[in-house]
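First chain A sits with chain B, and in the next complex the same chain sits with chain C.
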Partner chain A sequence: MDSAIFFNQLFAGLSTASILLMIAAGLAIIYGSMGVINLAHGEFVMLGAYATWALQTFFGLGMLISLPLVFVAIGAVGWLIEKGIVSRLYNRPLDTILATWGVGIVLQQAITLGIGSQSRFVQRPEIFDGNLFFGDLVISNYRLFILGVSLGMLLVTYLLLTRTEFGTKLRAVIQNREISECYGIRAERVYGLTFAYGAALAGIAGALVTPLISTTPTMGTTLVVDAFLVVIVGGVGSLVGTALASGLIGEASAMLSMIFNDTTGRILLLVAIILLIRFRPTGLIPQTVRG
Partner chain B sequence: MTSTLRNDFLSIAAFAALIVLAVPLFFGFDGYELNTFARYLCLGMVAMALALSWGTAGILNLGQAAPFGLGAYIMAMHLKLMNSTSMPGGMPDFMGWMNIETLPWFWQPFHSLGFTLLAGLLFPAAMAFAIGAFIFKGRVSGVFVAIITLAVLVAIQLLFVEEQGYTGGQNGLTGLALLTIFGVTIDNYSLNFYYLVAASLLIVTVLATMLSRSKAGLVLRAVREDPNRARFLGYDVSNYEILVFSVSAAIAGFAGMLYTLVLQFASPTYMSVSFSLSIVIWCAVGGRESLIGAAIGAIVVNMLEGRLSDVFVEAWLMVLGVLFIAIVLFLPRGLYGLAVSVLDAMRSQDKARHGTTAKTGEPTRPGESASTSPTASLSAGE
Partner chain C sequence: MLEARNLYSYYGKSVVLQDLNFDLEPGSMLAVLGRNGVGKTTLLRTIMGLTDRTKGDLFFSGEPLGDRRTDERAMMGIGYVPQGREVVPRFTVAENLKMGTFARKDGKRAIPDKVFDLFPILKEFSERRGGDLSGGQQQQLAIGRALAMNPKMLLLDEPTEGIQPNIVQEIEEVIQTLNVEHGLTIVLVEQNIDFARRACDRFLVMDKGQVVVSGRGEDLNDEIANKHLTF
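Up next, the complex of A and B:
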């Protein structure tokens, strides 16, 4: 096999993995901390993409300036949804699948009705145009930038969870909600902010992928299934696991589709994931906290 | 007659009266109009299949569309062959386009209707048995079952879309013959056909109710509430789970076969993730604890879809989404739960009016007090 093809495919896998990681990280935080299976997560990605598009089209803002705005805006949407709907369902977790699915439909339709279903395009920041060349290996600057951002966000999230007061409170609530409430932690506020943060991460992911894939109201649906597989494979409640799993799944799908073809590669990947869940249901890096 | 048995009997009779008499009467016994309703009944049957595994045993199968789609394709394969007899080698047209020389071996037996009917039930069931044995023997539960079943569904759909030469790919199987059974050709727009579907649904209802009221059904309900406790009592939990998983797949396969007869084509969209999630939605709307409730949920949601798409041409999906969120929030036990609480309220009012304080010892039906919602024990993290 040509080594150039191999290395290019390796980088493509890494690029896929970095996008998956951003989407899955938000999902993992929401699922890991509240046990909520957020099927609307793909729609948060989609909203992030549309927010970036809107800022660029109507206000002429570049993507880099838009990122913090998107973060806040999608976070706010997430916060509202948590307050209005998800917070009423904490005692019946499986029902959150159904409710967030409904939320996903509503968001998708809102965009379809408001903006239209045709695909939109967003310009990537000009400073990231062009490619790096290492012999035959071609690396797009923009993909490298995404990789950097997603690793950066992983680090920030890790620090947020382990080094801040909010993170301490969140971990306390995850371990035992009632006892942490006895210590004066307002669990419902912690949950609201966590959900908002997870949504905001998805929004950023959406903003970053728009230049790579076309922006349509249904773009989130396919992404959320993959992100979910990443979360489950990585192990619930483990950020490192999520990172590892997105790397693994991104690379595996790139390699398998090179060796076979896209469809066969995907089928084999799904089979591998099924086997993994069956024999290691706690994921690659299981949570070691007492329940 | 115990009160449970009486209630089952009454609700099945009411359901039968609804689909055998009331609905055809409403549509003026017009087979053409009833074709749409026959479609709803098929979807009701697959919702019932899910209610059997989700409501009774707490197995949330997000891949219920897989056995449904398999059943649909199996029936379509037979009908396609029946319509291809005049083609060279009796081969379906799309195989020719894909340069396939001879009819593949796994298409051969579908010339026989008997084999087709059996396969439509047994193949999905066998597949569910294999998958069920694989996951339940490993004590996989809760959300992991949901994810695995979803992954299986996606893999199967990909396979069907990819293998164009054998399955018709994205187009599915179209250009099907009408079903001929014992020399009688069944027109899918006839009144008789509607009754065939309605009768099938009633038979499935009776059989599924019998299963859920049997000893196995009781054990399954115990598993739903607390699998470990059921295990400690000496039951092999996984065997019961595999059983209900397979039976549910057979019912879904049956529903799929009927669905192909109604629509006269089989398409890979029958196995799409969104269709599979819709089945879950119907169950939740109708009330997953009740088999008939789930079927009615499917019928109501699909009728509503039809209505709403007429009234709100653009926004009907949005209305549906909002409605659905409202149901999950305010009617967690679905329409069935609503019906039960209304009936209970009426009964207690009745009692208060007649002052029958002596009859307070009347037993409440098991599993119908408001506190025993199955979701309570299904915490996702466990």
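Up next, the complex of A and C:
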């Protein structure tokens, strides 16, 4: 096999992985902190993509300026959905799955009705046009940028959870909600902000992915399935596990698709994950609970 | 400081506290006594707003508590040391103490010196995880966590239950010090009648969710103990 193709595919896998990482980190944080399996998560990605498209089309804003706006906007959407729907269902986990699924359908249809189902395209930032060449290896600047943003967001998330007062409060609520409230922590607010943060991460992923894939109302569905696989493989409650699993799944799907084809690659990937879960049901890096 | 008038408390549809009336003067200590399952813990949980529903009136520093959320009650200065201590297991001792400061109105996050003066071991063990401490150490941490918020009133739920004897005495001394020297108002749920008699200004004995006897600490005699507290 040509080594150039191999390395190019390796890098493509890495940039897929970095998008996956941001989507999966949001999912994992929401599930890990409030036990909610958020089936509307893919729609947050989709909304992030459409928000970027709208800012570019109607306001002429480039992607770099749009990113923080998208972060805030999709975070706000997530916050409203948590306050309006999810917060009423915390004691009924099965119902949250149905409810968030319903929210996802509503969001998809709203976009289809309002904007239409045809594909939309977003221009990538001009400063990231072009490629870096290392011999035969071609690295797109834009994909490199995505990788950077994704790792940056991972670091920010880690610091948010471990170094800030909000993070301490969140970790307290996760371990013992009642006693946290007895020490002045407003658990409902912590939950709302956490859900919003997870949604905002998905929104950013959606914004970043727009120049690479076409923006359609159903784009979130495919992406979120892979993100769920990442969370399952990585183990709940571990950012390191999520990062590791994103890398593995991004690379595995890139490599398997190259060696076989997209469909066979997909099947093999799923088989591999099923086997992994058979032998490590709690994922690669499960949360170790003490005391 | 704390006043209950015809207070009822419910879990779902079942009533667990019935028609409670009591007053607690600032700086005093109230012992809540009774057999297992008579509603002592529920009384403390009701004060913190952790039961499903209440009826009647409960005032803290003259303000009605009825509609307040648990976190608001904490911010008003009620420190709660629950049964079983409920130290956060994956938090270090330092993080558990810091958590106490989240209920401070002044927004300060420094642990008051008195916490370490009373429990020097918490300084020594500050990087250990809460879940790795012994029962007695966890109890000291749980009390330290409540003191970190500079409470106006402290609720203690059987602070010496299931704890090695040498630490029991230490904890009892700390409770008396807090009450007598620091002037802290305390509600103490206790099984140890001798300690209650020694330390408390007033007591109330509960049975089936009601107060059956109450009085001054020194009036807690063997007759009351035999009638309501022995098995």
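Heads up, the rule we're going with is that the second predicted complex is superposed on the first by the 288 of 291 C-alpha atoms of A that agree within 3 Å, B and C clash if a C-alpha of one lies under 4 Å from a C-alpha of the other, contacts with A are read in each partner's own complex, and residues count from 1 in each chain.
Following the convention adopted for this analysis, a contact is a pair of C-beta atoms (placed from the backbone, for glycine too) under 8 Å apart; a residue touches a chain by one contact, two chains touch by 3 or more.
It should be emphasised that the depicted structure is a prediction, and the values quoted were computed from it without experimental measurement.
Looking at the shared chain after the overlay, A:Ile179 reaches chain C, while chain B stays out of its contact range. By the touch criterion defined above, A:Ala99 reaches chain B but does not reach chain C.
Which of chain B and chain C touches more residues of chain A: that partner is B. In the overlay built on the shared chain, the residue A:Ile274 is in contact with chain B alone; chain C does not reach it. Of the two partner chains placed by superposition, only chain B is touched by A:Val225; chain C is not.
Of the two partner chains, chain C is the only one that A:Lys169 touches; chain B does not reach it. Shared interface residues of chain A (contacting chain B in one complex, chain C in the other): 291. Interface residues of chain B, counted against chain A in their complex, comprise 60, 134-135, 138, 140, 143-144, 146-148, 150-152, 154-155, 158-159, 161-162, 273-274, 277, 280-281, 284, 314-315, 317-318, 320-322, 324-325, 328-329, 332, 373, 375-376, 378-381.
Chain C makes touch with chain A in their complex at residues 48, 50, 69-71, 74-75, 80, 82, 86-91, 95, 98-100, 102-104, 109, 129-132, 145, 149.
On chain A, the positions that touch chain B within their shared complex are 31, 35-37, 85, 88-89, 91-95, 97-99, 101-106, 108-110, 113, 221, 225, 228-229, 232, 236, 263-264, 266-267, 270-271, 273-274, 277-279, 281, 291. Residues 165, 168-169, 171-172, 175-176, 178-187, 289-291 of chain A touch chain C in their complex.
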